[in-house]
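What follows are several structures.
Okay, so chain A shows up in both of these, paired with chain B first and chain C after.
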Partner chain A sequence: MQEVLEKLAVFLSWTMTLVLCLCLSIFLIYLLIKGLPSFGAELIFGKAEPLKVLLGQARVFDGIFPAMVGTFFLVLLSAVLALPVGVCSGIYLAEYASPVMKKLFGSLFDILAGIPSIVIGLFGFSLSIFLHNHFSDRFGPCLLISALSLAVLVIPYIVRSTQMSLEELPSDIRRTALALGATRLQNIAYVLIPNALSGISSGLFLAIGRCAEDTAVILLTGVVATAGVPSSLLSQYEALPFYIYYISSQYSNPAELSNGYGACLVLLGICSVLFMFAYGLKKHLSYRTLYRV
Partner chain B sequence: METKDKIIVDGVSFFYSSNRVIDNVNAKFKTHTLTAITGPSGQGKSTLLGMFNGMWNDTPGARCTGEIQIRLGGRWVSPLKKEIPMPLLRRKVAMIFQEPNPLPMSIAKNMAFPLKLAGIRDKNIVQEKVQRALEQSFLWKEVKGRLEESALNLSGGQKQRLCIARALVLEPEILLCDEPTSSLDAKAAGVIEELLVSLKSNCTLLVVSHYMDQVRRIGDQVMALEDQGLKRI
Partner chain C sequence: MSNTKEIIARNVFFLSAIASAVMILAILVLMIALGIPLFKAGNFLAIWTGPWAPHKGLYGIWPMISGTLWIALLATALCMPLSLGASFVITSLGGPRLRRMLGTMVRFMTGIPTVIYGFVGIFLLVPLVREGIGGPGMCVLTAGMVLAILISPTMILFVTDSLLAVDLSYVQAAKALGANRVQRLLYVMVPRATGGMAAGIILALGRALGDTLIALMLAGNAIQAPRALLEPARTLTAHVALVKAADFDSLEFRSIFACGIVLYLFATTATVAVRVMLRKREVPT
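Up next is the complex of A and B:
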């Protein structure tokens, strides 16, 4: 009986993994079939000259180039804002917080992670109104407010992944540097963080994915259909998730819908580039912090 | 206090939350001797060692009562009263563990690591101290031609000797060894035993071991931690 159960468990886990891979493959193949026909320079640059666009000498009116640039900067800015706050909070929770504080802050971050993104978007919108009314007319829904709101949305992922990856380190690693006379800070910087980088970067990957796909937050905080390439942090912008949402709900012919699928492929491409960047950063950091000591 | 005493333990008890692990331990450890501590598993031998260099300090729920006095640089200090900063204490009361734990970097960088933590960056001084510690640990001849190779490529016995050398590089006055040979084969364990005995001229050693024959072979005094108390045998 025990043997049958063992075999059943192996069969089930194998089948479920296969089903998952199959679903992912079907999803990607479907996107490729639908999106590839429209994929090309015209999808990105419209009727404008690509070189002139890249040199800033021409504007794109009927392509997704401004949305690509907007998405790239949005994700990058959100990650840059969220990463230090998230990692520092994770380090505090794992290494310095008392059990009571750990419980308290842990619950707060869990609540924050559960807040619907539209609520965060509304908070961002209210912040832009507040800044507009009390500080300067220049403030309003913009790239910076969107990035700040997205950072708030993804910080819990980074905090929790940092905390867990530090707490899961075996005691052998934890006490190596301490026994050699390291201060707690030296132990964290030279030994614990380099060893936990894999877990920390997993949180960053999740955060990047969430920033790239979220539409509800940016809908209320600065994204518009035709803004062009953002000229500053305080300008409105275009973004691929919004373009995909807009084109798939408003399309007037099959070619426009096909453009939406093409934009999906581009969004996946941008996410992949950012993932690779995060992976490279992880490798570089582990080399710099651990091997160069 | 006698001048030859290095560590005096007076009525020390140790608790994890409400669980008493060590009960009213009294002991004296002389300078330049090797004390072997043995006893059944789970009696708190590793905990006892950790009390001398504050390794238990950050453990939630851990509590220690009584008094420990350690003579460092001619001055008596109490680690329990935190009369000395913990990093400074641990540089003078070094510790090695059951499993060799070299960091994933070269042999040279492993050896220089404690010196950099202590703020010693002069290359000549670092080089001199590293070579001396490797020589003391019977490892210099084996690794002098491959100091830039990863420490993870060494054999189990060599890794443990590297960890001892890394602890010695700061010239500690006391070396705490928590079952240093239990993960090694008989030959490698023999080399470590010989090495520990040779280190008595440099520092005071406290070695925890399960093996009765080993503790009798290497110890100037042998103590057993049983029924929460420490007895001389």
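Up next is the complex of A and C:
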């Protein structure tokens, strides 16, 4: 009886693994078959001349160039906002906080990491209404609000990766400089942070990947279907994930749909490279950053 | 001189931590503040458990809560056998090369953007479900299936980690007693890793509850509490994403804050549950 049960467990495990692999393969092969034909300069620049577009002399109307630029600025801005706050919080938790504080902040960041991105989008949206009503009409959903919200979304990743990579440093690294007369701050700045750099950057790559792929936050905070290349922090913008979402419901001809598949491939490429990079730097730390194991 | 520097640095670090932590509370407070007109307008209980009937002035979000629960629970139920099976193969049953390959595959899956799953779901799975099983195609079942794939890496990574965290001496003792790989997995590793495995399942459920794009793109978004797998549904997340901000003061618009609060509470409950379960795991047995 027990032997039958064991055999059954083995059989089911293999079947389920096979099913999962099949699902993933069908998904990827379908995407490649549909997306590769449209892959090329025309997907990005449409009918405009690539060189002119890059120099800012021509606008792209039927390519994904504005969406790519929008995503790039969005990611850059969110990283700039989230990185200093996240790293400083991580340093505090790893090096200064008392056990009670550590526990308190640890639970708060866990909660923040678990909040659905649409709720954070809603937060950004409410913030923009508030600013609009109380400060200036010029405020509305825009690039800056989106980047701020995305920064809130990914701060827990950066905090956690900073904290964990500092905490796992061995005590001989931790104490040598102190024994030689370095202050606590010098020890952190010249010894601990450089040694924890690969862990911190793996957290940063995960954070950037999340910013690039998230659609729910930007949906509520200022992304639009046609805006061209964003001109200021307070302007609306286009982004790759939103472009894909928009095409899926609003495409009017096969060419647009095929561009949608092309955009999927581009976004998949960007995100998988970022995530694999993060895992390559520090595999186990990245798991824990993403899923707090 | 260097002493002041130390103090400044310490305070900067502390303030960053405070600032990030305050965000979490600010999000909740802002949603409650903006939802107040809705709570004052009618029966407080009816907002959570009542029907959605704007023409009668009823803005209950029960259909959305129910849609969210249907889709998320279905996804978790479908995901569990897949993830447990894959974790068993990754930790015990597979050979070293296969384990590495599967590990890479799962890591790759964590990087696949949600919106792409939704995109492929619309054009590949929706027609299949519509013609193969029936119904409108965009329904609880379609969204649940895609969501199951989406959350599987979370569950696999978590379960794999808790299985591998089992003290090696137990596994080796079982090996010395003549237990084969399967027996070691089923009778030694799994019973000792139940806390971590349960935490992984809850965490995946939390991700399923909070996901927006899959349900928005694949579940049909009809405002009605679903009664069968082939009926369309709208989740809380999709409801928030769909409400157009035409009139900031309308009660219909305010209902998205009620949805936000429910989502926040769902997510926080899941997080706390995971923490409690993991704390149990850390207690030496």
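Methods note: the second predicted complex is superposed on the first by the 230 of 293 C-alpha atoms of A that agree within 3 Å, B and C clash if a C-alpha of one lies under 4 Å from a C-alpha of the other, contacts with A are read in each partner's own complex, and residues count from 1 in each chain.
Quick note on the criterion: a residue touches a chain if its C-beta (ideal position, glycine included) is under 8 Å from a C-beta of that chain, and two chains touch if they have at least 3 such contacts.
Treat the numbers as computed from the prediction; the structure is a model and nothing was measured.
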Task: Classify the contacts of A:Asp172 with the two partner chains as first (chain B alone), second (chain C alone), both, or neither.
output: first
Message: Just checking: does A:Val191 make contact with chain B only, chain C only, both, or neither of them? Give me first, second, both or neither.
response: first
Task: Return first, second, both or neither, reflecting whether A:Thr183 touches chain B, chain C, both chains, or no partner chain.
output: both
Task: Give one of first, second, both or neither to describe whether A:Leu150 is in contact with chain B, with chain C, with both, or with none.
output: neither
Message: With both complexes superposed on chain A, which partner does A:Pro99 reach: first (chain B), second (chain C), both or neither?
response: first
Query: Where on chain A do chain B and chain C both make contact?
result: 183-184, 290-291, 293
Message: Under the definition above, what is the set of chain C residues touching chain A in their complex?
response: 2, 5-6, 9-10, 12-14, 16-17, 19-21, 23-24, 26-27, 30-31, 34, 81-82, 84-86, 88-89, 93, 102, 105, 107-120, 122-124, 149, 152, 154, 157-158, 161-162, 182-183, 186, 196, 203, 206, 209-213, 217, 237, 240-241, 245, 248, 256-257, 260, 263-264, 267-268, 270-272, 274-275
Query: Tell me, which parts of chain A touch chain B in their complex?
result: 99, 172-173, 175-184, 186, 190-191, 290-291, 293
Message: Touching residues of chain B toward chain A in the complex: what are they?
response: 53, 55, 58, 60, 87-88, 90-91, 94-97, 99, 101, 103-105, 109, 113-114, 116-118, 166-167, 170
Message: If we count contacts the way the header does, which residues on chain A are in touch with chain C in the complex?
response: 6, 9-10, 12-17, 19-21, 23-24, 26-27, 30-31, 34, 84-86, 88-89, 91-93, 95-97, 105, 107-123, 125-127, 129, 152, 155-156, 159, 183-185, 188, 209, 212-213, 215-216, 219-220, 241, 244-245, 247-249, 257, 260-261, 264, 267-268, 271-272, 274-276, 279, 283, 287, 290-293
